[in-house]
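The letters A, B, C and D name the chains in turn, as written, and every chain counts its residues from 1.
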Amino acid sequence: MRLNPRWINKLVTWALTFQAVLAVGILVAIILVIFIKGAPHVSLGFIFSYPEDMGRHGGIFPSIVATVLLGLLSLVFATPLGVGTAIFLTEYTKESTFTRIIRFGVESLAGIPSIIYGLFGFIFFVIKLGMGWSLLSGTLTITIMVLPTIIRTSEEAIKAVPNNLRMVSFSLGATKWETVTRVVIPSAMPGILTGIMLSIGRAVSETAAVIFTMGSSLRLPTSLADSGRTMAVHFYILAREGISLEKAYGTALILVMTILIINFVAYYLMNRMVAKYS
Amino acid sequence: MGKPHSSRETGIKWLLTLFALSSLLFLFVIFAFILAEGLPLFVKVGPGHIIFGMKWAPTKGHFGIFPMIVSSFMVTFGALVFGASLALACATYLSEYAGRKTKLFLKPALELLAGIPSVVYGFLGVVYIVPLIREYLGGPGFSILSTSLVLGIMILPTIISISFDALMSVPAGYREGSLAMGATKWQTVYRVVLPAARSGILASFILGMGRAIGETMAVIMVAGNALKIPTSLLDPLRTLTSNIALELAYATGDHRSALFSTGVVLLVIIMFLNLVANFWVKKRTAR
Amino acid sequence: MGQKLFGFLVLASLMVCSSCGFFGPTSHGKIIVAGSTSIMPFTEKLAEHFMVEKPETPVDVQGGGSSAGIQATINGTVTIGMSSRGLKGNEKGLNAIVICYDAIAIVVNPKNPIVDLTTEQVRDIYSGKISNWKQLGWIDRNISAVTREDGSGTRGAFEDLVMGKTFIDDAVMVQDSNGAVREVVGNDPYAIGYISLGIVDSRVKTIAVDGMSPSIKTVRDKSYGIVRPFLYLTSGSPGPQAQAFISFVLSSQGQTILSKEGLVPVNGQASF
Amino acid sequence: MDSKITIKGLNLFFGKTQVLKGVNLDVYRNRISGFMGPSASGKSTLISVINKLVFFEEAVRTEGSVYIDGQNILGNGLSDVALRKKVGTLFATPIPLPRSIFENIAFGPKLNGTWKKSDLYAIVEESLTKAFLWDEVKDRLDDSALKLSGGQQQRLCLARTLALKPEIILLDEPCSGLDPISTLKIEEALAELKSEHTIILVSNNTKQIARACDFVAFLYLGELIEAGTTDKVFTYPDAKMTEDYIQGKFG
């Protein structure tokens, strides 16, 4: 029996619509559940007070601080390294075996699962270098983990800068480095920023690599040698050990809001930069 | 004027070269330390007893991780079965059928969803999926089925976003040409658009697969972590990643080495997948 | 922009250098307590109270497991180690202080009508010999047994005290903390698990083993058999700060906190 | 009349392809010299040797020498950066940097270490005035340069070059995309600028060359066919090929 192509077309359209609604619906439902279940437990007190009784009561202030510190510190290390590598690959060399090897290294780093970063950070920073479970061990581990993201997004952004802008800069007597810093990087900034924001997002939502390098102490981290519990780790422990579902949902909501805010800030900065001169 | 400039430029070039080399250095150090911790046990008990060993009791001298290797592949495959088809359908709908506004709104929304921590997916899996499976299908609920579902949902945003990009980059002329020859919309999509976007779609699947096989915490939460090779969809299981995370905190001596050996096997599998993926995608795009 | 990049770099390197001096475990008067995750929640609670009294002495509580805790004490990377299993071999050189006793309770879901099992039945459930609740006189439904991961002190004690030489079956589910086991058993009507008596709450139901329910009384008079000591370990005699914390734990205030948590208090020092 | 630039036996290769073939030429101080010729004649390549931007291309090799004030720029004496501060360039299409009008012009002076706002403002005003753009933009110096029209953008680029006070200005078909009025404004500016600068104008518009230039050189397929005063070349060309080109028979 031969089916009429028009009928098939109609059928498929319906099927696709259904699946699209299903997929988007599941994802929207996830966000909704977190908002609805989390909102009643979130208050200023929850954000700014310390946890009591392992998090069964009280707030998550130390976890917020630990998360922010981890995110920002890993950026302090990863941004110059990542953007520098991207500049090197795009501006300072021609394609060669050397750049291919470096790209291979970056790709490989990108493919390594986070638990392997956790294993490595645990054996190398925590044990071999004697840093213990600390903010520093966590930061360095996350730095390596997010490095490929920053390199790749920055490289894309730098490659997209029109070559004639570089020629103009050179023709005005700029050196290579002056051209890179005053023309290329400002033009590539929106893309670079996206990469940076993606990386903060990864640092904020990572659990496996953080728990084995930064530990899970609930105290407020005050030095790089202190252990700390990021929001994602705190959420994991609350939820998994059934300490408090309410606090878990509350933490999840703050976590998702943080990621939302990071995204919004990224879009805002990007749009502002793009809008300013075009 | 000339000299100070050129010496500064040379300095900068060296510094940037060093930065670029740091990625290689990190890769090397990661491999070196994982291998240094993991390989001695391979030598001590023999690679066959680890890779093909069926019994995992590291405090009692059994280091077999074969069930976990099988389980890792099973849930990854399961995640693709759920996630890939749904995501591709969704991406196809959004690029070919949806309106401009939906598309504009969609991209950032998907990026946001891709940023939701995996533990949140795992937790919701425990709260909503596991009890449903236990209640209506039997078994403990912690199972291949629940793990595959959670991972499948988790990789949706990644796959949708990348395959959507691939579909959108198919030139409009292709579609117009096909429609002009009297093909229906679906025939156009199926015979023209999807094949043209093939390599991008494939890349999105591979990335999704990488995320699924590498996921740890969400899997620990919903998989049940039993050591047996699962024989039904409702059996609990333990993957390579969760094996490491479950026991790393406690392990000492050979037990810890065994976890690093698990890491070595995981690394080898991931590297192999990446190589195949790279080769495949490059070959396809080259044609 | 160039200046900013370099600024980042300088900042980063400054931070690395400035923090290098802080790696020592006893720096700025901090006590680090690490080891058994079974003891960890109680130590956290004790530390909370201790720091109210002596805010100048921060106590950092970490998990890691009994073996790691013992190892870390030997290496001197922690001030006080926590172990929920006895010491073996060269570990016996450590100074061990029993802070309390803990019973391992066999727990099921409150919906489960079974109240009593023999040690042998528990062993058979975990070895896979008994796999259906019907065999124990309840409904026809597979038993979802939950154990702890290999290396855990609780599992070690359970294996010693219940399993003997029998292996735990591979089909048994594994969770990596007392809390996680309680969570699974609390949500699954057909599950069974074992956890520290100290963290048993209304979400799960304890089962009498060989006719004895675990409680402070049955532990004290030794009629309940699945009991282990919780140990604090120091390498040599403890320093003044560590001694202050240990004294606090052994004081009536500390012991009251522990017994409120469902643990069985001790008095005085014992050696292992 | 003394020459500012002297080109001697210049050969240039892109890989195995020879693009300039034994060019010998003098460019005179404070005059406008026109380089004309059909496409692929090598005229644009020739000026990109003078500012050395040609060396950003792949596999470039040169023979011969180019002297500026007696110094061979193809030798090791002068750094590229120092050279380009002496030699300003205007490209075929206007390429404003994606920032404000003010910042575009201040770009070069800032590289030279001028950071004081008042100094920069003086330079910006002077350069824009010389490029006949000041009156049109003086009220919106902080606007994006990309908002200007094509003709304004090209004059902005000219002003940006002038801000460096270059001794030589190279213009690579600067009017190819512009309307006649904008073109006229640029030519007017050039006529005033030659008292202080040595100017080379590359164009394949023979009428523009005839209008604007004092000297002219005709290139064809990398060879210099003929050079001389504009009057001479346009009235009594030595070569038949030059005559054909001027009369529009090819090119």
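A few comments on the model shown:
Rule of thumb we're sticking to: contacts are C-beta pairs under 8 Å (C-beta built on N, C-alpha and C of every residue); 3 or more make two chains touch, one makes a residue touch a chain.
Fair warning: this is a prediction, and the values are worked out from it, not measured in the lab.
Relative to the centroid of all protein Cα atoms, the closest per-chain Cα centroid is that of A.
Distance from chain A peaks, on a Cα-centroid basis, for D. Taking each chain's centre as the average of its CA atoms, chain C and chain D sit 80 Å apart. Chain B has its Cα centroid 17 Å from the Cα centroid of chain A.
Between the Cα centres of chain B and chain C there is a gap of 34 Å. Of all residues in chain A, those touching 2 or more other chains are 80, 84, 175, 177-178, 182, 186, 240, listed in ascending order. Contact of a single residue of chain D with at least two other chains is seen at positions 81-82.
Annotation for chain C: residues touching 2 or more other chains are 63. Residue ranges on chain B touching chain A, taken from their complex, read 5, 8-9, 12-13, 15-17, 19-24, 26-27, 29-30, 33-34, 37, 85-87, 89-90, 92-94, 97-98, 108, 111-113, 115-121, 123-124, 126, 153, 156-157, 160, 184-187, 210, 213-217, 220-221, 241, 244-245, 248-249, 259-260, 263, 266-267, 270-271, 273-274, 278. Within the complex formed with chain A, the chain C residues making contact are 1-2, 5, 8-9, 11-12, 15-16, 18-19, 22-23, 25, 27, 41, 44-45, 48, 58, 60-63, 77, 177-180, 182-183, 186, 203.
Listed in rising order, the residues of chain A touching chain B in the complex are 5-6, 8-9, 12-13, 15-17, 19-20, 22-24, 26-27, 30-31, 33-34, 80-81, 84-85, 87-89, 92, 101-102, 105-109, 111-120, 122-124, 128, 144, 147-148, 151, 175-177, 198, 201-202, 204-208, 211-212, 232, 235-236, 239-240, 248, 252, 255-256, 259-260, 262-263, 267.
For chain A in complex with chain C, the residues that touch the partner chain are 52-54, 73, 76-77, 79-80, 83-84, 130-133, 136, 177-178, 180-182, 185-186, 215-219, 223-227, 240-243.
Residues of chain B that touch chain C in their complex: 55-60, 67, 130-131, 134, 138-142, 220, 224-228, 235-236, 238, 245-247, 249-252, 255.
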